[in-house]
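Notes follow once the structure below has been shown.
We call the chains A, B and C, going by the order they appear; numbering starts again at 1 in every chain.
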């Protein structure tokens, strides 16, 4: 886990978020260092997703900056992207491809070269053994979600940005994911996430940020 | 622990995936192909089957029909990747977005433009085109359809996620297609009137080169705007 | 503190500039409108009454006093629109986008005017309402480009996205305009059968050039007045919908 050993820091300075014509949040500040899980809270429509998308660089902040290890992420661009694992609302799963093909493609997009047997093993561990070679359109919502989440077990990237990762997961999958997040934080990873589920995480640094406050 | 994939292999995987997805949904690709054949065959029914007239009409008819066929599939170019979130992942890839866009365009061309290059000469026979004309028709379509996919990508990315996309793309893209049409059909026309088609073909090549440089950049800018 | 200072500077560009622009534009509009009306009236007077009858084309040629300046402006405004659009993208300046958006309808109007006057001119000259002359055809395609820009702007609900996306389209169009015009000219020479040209205007007398220039300046002032008016309306409309301008 070489990537996670070094010190990394994600900071936001005076962030202002706007969607369409609406002001979502302003003067938002936070700082996450190794081992932090930052948990964003807020009702629907308070800008959690916008903030997550801003943090990974998909949206530009209306004002303010986000820095990764002291540098503006917009300036870093691809150099920042290679450290981020973002799993958004939309799972990024093509319905005509199989679970394995989808997983391999999303790994390839972020440049990871993962052996097929390793990818298969993770999918099996997540309970997708008999869905491996079916087009994902045959899978349930929760199963598709697991295909998307499988990347978490296969890539070492130091920053995870997870938008409602527990949605549609059953209890066993929720437990697996919880344990994975905890293990990742203990290894020095940084997680920024939202969730509506009641989940207690035992991690080195747990921080909360309310957006509708 | 993991080896990083080279840029080339990432890009190859993107192309491979688009073609794989299309292969599993052949009806989409076939529809464009058949549209071209059916639409082009309608013209003689409207104009009468005078071989001389057909020969004179053929370059414009075949080129305009090819252009419309390529345009039909434009709205699908990025739509499904946009809808299922893959496009976000592409933007967050460690590869430059502009190269990913270029792969998407290349895949679109291989699936909608390239088949026309092979079938157009057959339809050309129905229009009484000579061997020399057919050759230049295929060659001009080979270059021209790639330019169409490139330019079309700009329209497709600008209209991502907007209602009534199909017609809007047509309005945005058709005027931009004009130079490709003029030089492409012009090359075939040149053969018809006994002039060398080289001038038209090199101009078409120049348009293609311009499109290769600018279209991926403009599409990338448009994608970033659409996903913001 | 330094951070705060830069932030307020940033805000000034974003919010205050439409604010200062609004009253300034309000003062300019009447002056531009009045001088535009005067100059256009004077230009028409020269064109219709003062300029001599052309011995080849008779009185019909007088339409060029409208046609030629309108054609100039249709192209000039497209480039100006693309320039503002580009500035909007580079500096992320709201006002630039508003200007680009406001220019489009006026540009389209001049293009249409050039087309209509062109075909009115073509009828007595060539006996047809429409000839596929290179210039008229280019003008027609320019109209299509304007229509594309306006349609895209109208189709996107999110104003910020609409501004940016149509700005990209305007730039793409501006790069394409010379290529399109060249291709049309090339097409025109290839198909010599249809190469009727409206470009063989009568040799220009000094008085004719003067009339056209006066009309052009009149059109220019008219454009400024109408565009500024449109920008003001747009500022008001967006201001009423958003908290953005009010966020002091």
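Please note the rule applied: a residue touches a chain if its C-beta (ideal position, glycine included) is under 8 Å from a C-beta of that chain, and two chains touch if they have at least 3 such contacts.
Since we're looking at a predicted model, the values are computed, not measured.
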What chain is the most remote from chain A, judged by the mean position of CA atoms in each chain? C
Which chain has its Cα centroid closest to the overall Cα centroid? B
Just curious, how far off is chain C from chain A if you go by their C-alpha centres, in Å? 48
Distance between the CA centroids of chain A and chain B (whole Å) is 36
Could you please state the distance in Å, as a whole number, between where the Cα atoms of chain B are centred and where those of chain C are centred? 31
Please set out, as single numbers or ranges, the residues of chain C touching at least two other chains. none
Numbers and ranges of chain B residues touching at least 2 other chains: 228
Once bound in the complex, which stretches of chain B touch chain A? 1-5, 9-10, 13-14, 17, 20-21, 24-25, 80, 83-86, 88-96, 227-228
Chain A residues touching chain B - in the complex, by the definition given at the top: 1-2, 53, 56-60, 78, 81-82, 84, 86, 88-97, 101, 105-106, 108-114, 135, 155-156
Can you list the residues on chain C that touch chain A in the complex? 3, 7, 10-11, 158-160, 238, 241-244, 247
In the complex of these two chains, what residues of chain A are touching chain C? 13-14, 18, 20-23, 63
Show which residues of chain C lie in contact with chain B when the two form their complex. 89, 141, 144-145, 147-148, 151-152, 155-156, 161, 164-165, 168-169, 171-173, 175-176, 179-180, 182-184, 186-187, 190-191
